[in-house]
Amino acid sequence: MDLTRILQVLFSGLIIGGIYALIAVGLNMIYGTMRLLNIAHGEVIMLGAYVTFWLYTLYGISPLVSVVAVMGLSAALGALICRWIFFPVISTSKSVAVLESNSLLIFYGLSIIFTNISSLLWTTDARGYSYLTEVVHVLGVPLMKNRLWALGLSFFVCVFFYVLLQKTMLGKAIRALIQDKDASLLVGVNPDAIYYFSFSMSFALAGLAGCLLSMFYEMTPFMGMPYTITAFIVIVLGGLGNVLGSLLGGILLGLVETVGVSLTSPGWRPILSYALFILIIVLRPRGIFGKGVY
Amino acid sequence: MLELLRISKIFGGVQALVDVDFNVKKGEIAGLIGANGAGKTTLFSVITGFHAPTAGSVHFKGENVTGWKPYEICRKGLVRTFQVVRPFPRMTVLRNVAIGKLYGKVRLRDEKRAEREAYEILEFVGLVHKAHVAAAGLTMADRKRLELARSLATEPELLLLDEVLAGLTPAETVEAMNLVREINQRLGITIFMVEHVMKAVVGLCDRIMALHYGCKIAEGTPREIAGNPAVIEAYLGEELEI
Amino acid sequence: MVSRRGLVTGPFGIALLVLALLPRWTSDYHVSVVLDVLMWVAVTESWIILSGYTGYISLGHSAFFGLGAYIMAMTWPQLPFLLGIVLAGVLSSVFALTIGLVVFRVRGPYFVILTLGLTEFILHVVVNLEIKLGGTVGRILMSAPSLATLYYAMLATAAAAVVTAYVVKNSRFGAGLFSLKEDEKAASALGVNTTLQKWAAYGISAFFPGVVGAIMALRHSYIDPYNAFDPMVSFQVIVMAFLGGMEEVEGAVVGAVLLTLVSEALWASYPYYYMIILGVIMIVTVKFMPLGLVAPFKGRLLARAADGSGAGA
């Protein structure tokens, strides 16, 4: 295997890994702050992809521009769902276990609703578009511009997020809430505000991921679930509730998958990621980074 | 009956317990005191299998039970109550206690018999009138009774009580103390209790161990402990406020 | 005063009798509709034994359904019908118990995540295997047994599932399951081997979908991985269980019957609307009727029946 080939595989891994990181960070935020498993996460990605597609196909708006609108719409959707569906459930749930299972089922219901609404509106035929497919050579490796943009954007957002979590008051409040809810309430953290932010941010990141993915993959109403599963695998890898861990975990999984697939075949991708998941549960249930990396 | 040999426990960089040695003799009531965060509940968790010690061993009735699962230790006759009570909220009081009969040391197969024996235990602790109430609807004092009743249902030989008197009014405290004494003297159950209420510790315990930042700083009879300078300084503070 | 047992076995026995005589009275069309309902009852009931009684929500129950279908596809017609379907159920349980060894050692969220991915995972393994072994995906099963035979097999399976759910709920094992659902830590402090209990419930709950999958493979005379491992099956089961009441034995029956009625009306012409409505039902039920339909009624019925005996809930 020559160097170009290796670099190509590595770049592919980083590109998809960056997107996995975006998806996983969002998912982990909701899990970390509210202990809710958002099974509908993949469907938000799917919706983001479709909105980007239609904006480009119907109005010629570049994905790199519509990404802002997509993120905004997704964030709004997240805030709405937080306010109208989850706040009522949280206040009426008698115990944490009940809240977790009820919210799980609600998210499940939402995922089905989203999938079928989009099947209804846009049919189940696969859709796609071409954008920025000119090839550029980086370190001798041929890469399409759209993928470079995806790589750049996802890393930029990840770094932005890292800085947000580490350096700002908001970020510290979020981390405090994840670490110890009662203690953070005592020091004046406003949980409702954080919950809104978590939901919105989570959905926005999913929308962003969908927008980026739409540039180089076809979309169907059913594309969401595999990404949800992948996102969950990543957050387990990085440690449940460890937002920064999921950032690193996403990149790691992207690399592992791409390398693994290059050695076997594309059909093996889910098998590989699932096997990795089982391995982590058995060997290091706290994730590679556990709850330590903040 | 219970031997703790050099128990140490480290939680991610924090040393919660350091080389704790202690014995609890059969039939006695032993006490464990210490400031909040001294490691008392951690010690209980280690003894009952909820955490494995980083070092040291736990021996119960001559057998090394270190690292056993909680349910295994329970079936051997060592049971704990929780500092923050954990009733089965949607089950009735009777059912809560019956679970102890079905799964504790005896592991009765017959549900009817389990309920009958559970009923007797409720009589003993004074909860019969609430037998068919869902546990979630109980007052704090009754929840503590339930916690006690449930543990008794498993037919323990050694009962670990974690701050069973916390949150009770003075009248309730006296009742609870009498109950603990009854359990020890009438039922012959050895007791090891964590307590903050000094009156109770002094009034009930035959021997006491004092923990401070995870280390044992004193051991002895209530009188010896009360007069121990290390205990006074660490636990009672310079203000000598009893 | 009617005994509690009487309230249960009476209607159950009558229903069984009626269902057993059904093929004599009605057309093939009606028989096949009832067969479908019985299928959902069986799978939903098995889901309740696990997720309703322990609180561990399994999102991938269709994995066992698909496994059962494939085991039948591989053993038909070499093995006789009855042996084939029982084997499908048994192997399905064995599979569940094997994964269970891994999953039940860790916390709740892992279980959900694992079951979510399970169906997808098996789907891909099967697709890859089929391509490697046969070049094509999907199999045909020839000379399937008659509709009546399949109907009676499904009836027996559904009845067995209902009986099992009832027996488990009222046994010591069931008490242990519910106690760990209420508070796992407290339960283990009282001597409940929570890991073993969950594991056993998982194994039991995988048996019936396996059998059902095998029967349905013959029913359609054709299987392919995308139908066998259809995540919509998992979803419908959960909605049915939740609508009926996920801790109630009757919940599976009520949920299955109600939802089959809705799907009969919508599925053929408006499959997407059907699914959207299911999703809405799910959310509405969680918000307003988290105990499902059966539980509130049962409470009142039992209270009336027990009147005078002094025994409360």
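By letter and in written order, the chains are A, B and C; residue numbering begins at 1 in each of them.
As a working rule, a residue touches a chain if its C-beta (ideal position, glycine included) is under 8 Å from a C-beta of that chain, and two chains touch if they have at least 3 such contacts.
Given the structure is predicted, the values throughout are model-derived calculations rather than measurements.
**Student:** Which chain pair has the highest count of C-beta pairs that touch?
**Tutor:** Result: the chain pair A-C has the most contacts.
**Student:** Among the chains, which is located farthest from subunit A on the basis of C-alpha centroids?
**Tutor:** When every chain centre is compared against subunit A, the largest gap points to B.
**Student:** At what distance in angstrom does the C-alpha mean of subunit C lie from that of subunit B?
**Tutor:** Distance between chain centres, rounded to whole Å: 42 Å.
**Student:** How big is the gap, in whole Å, between where the Cα atoms of subunit A centre and where those of subunit C centre?
**Tutor:** Each chain reduced to its C-alpha mean, subunit A and subunit C end up 32 Å apart.
**Student:** Can you list every residue of subunit B that touches 2 or more other chains, as numbers and ranges?
**Tutor:** Only 89 qualify.
**Student:** Can you list the subunit A residues in contact with two or more other chains?
**Tutor:** In subunit A, no residue touches two or more other chains.
**Student:** What residues of subunit B sit close enough to touch subunit C in their complex?
**Tutor:** It comes out as residues 48, 50, 69-71, 74-75, 79-80, 82, 86-92, 95, 98-100, 102-105, 107-109, 111, 114, 132, 134, 150-151, 153-154.
**Student:** Which positions of subunit C touch subunit B when the two form their complex?
**Tutor:** On the subunit C side, the touching residues are 170-172, 175-176, 178-179, 182-183, 185-194, 312-313.
**Student:** Name, in rising order, each residue of subunit A that touches subunit C in their complex.
**Tutor:** 31, 37, 39, 85, 88-89, 92, 97-98, 100-102, 104-106, 108-113, 115-117, 119-120, 225-226, 228-229, 232-233, 236, 240, 267-268, 270-271, 274, 277-278, 281-282, 285
**Student:** Name, in rising order, each residue of subunit C that touches subunit A in their complex.
**Tutor:** Against subunit A, subunit C makes touches at 55, 57, 59, 102-103, 105-110, 112-114, 116-117, 120-121, 124-125, 127-128, 131, 181, 231, 235, 238-239, 242, 272-273, 275-276, 278-283, 286-287, 290.
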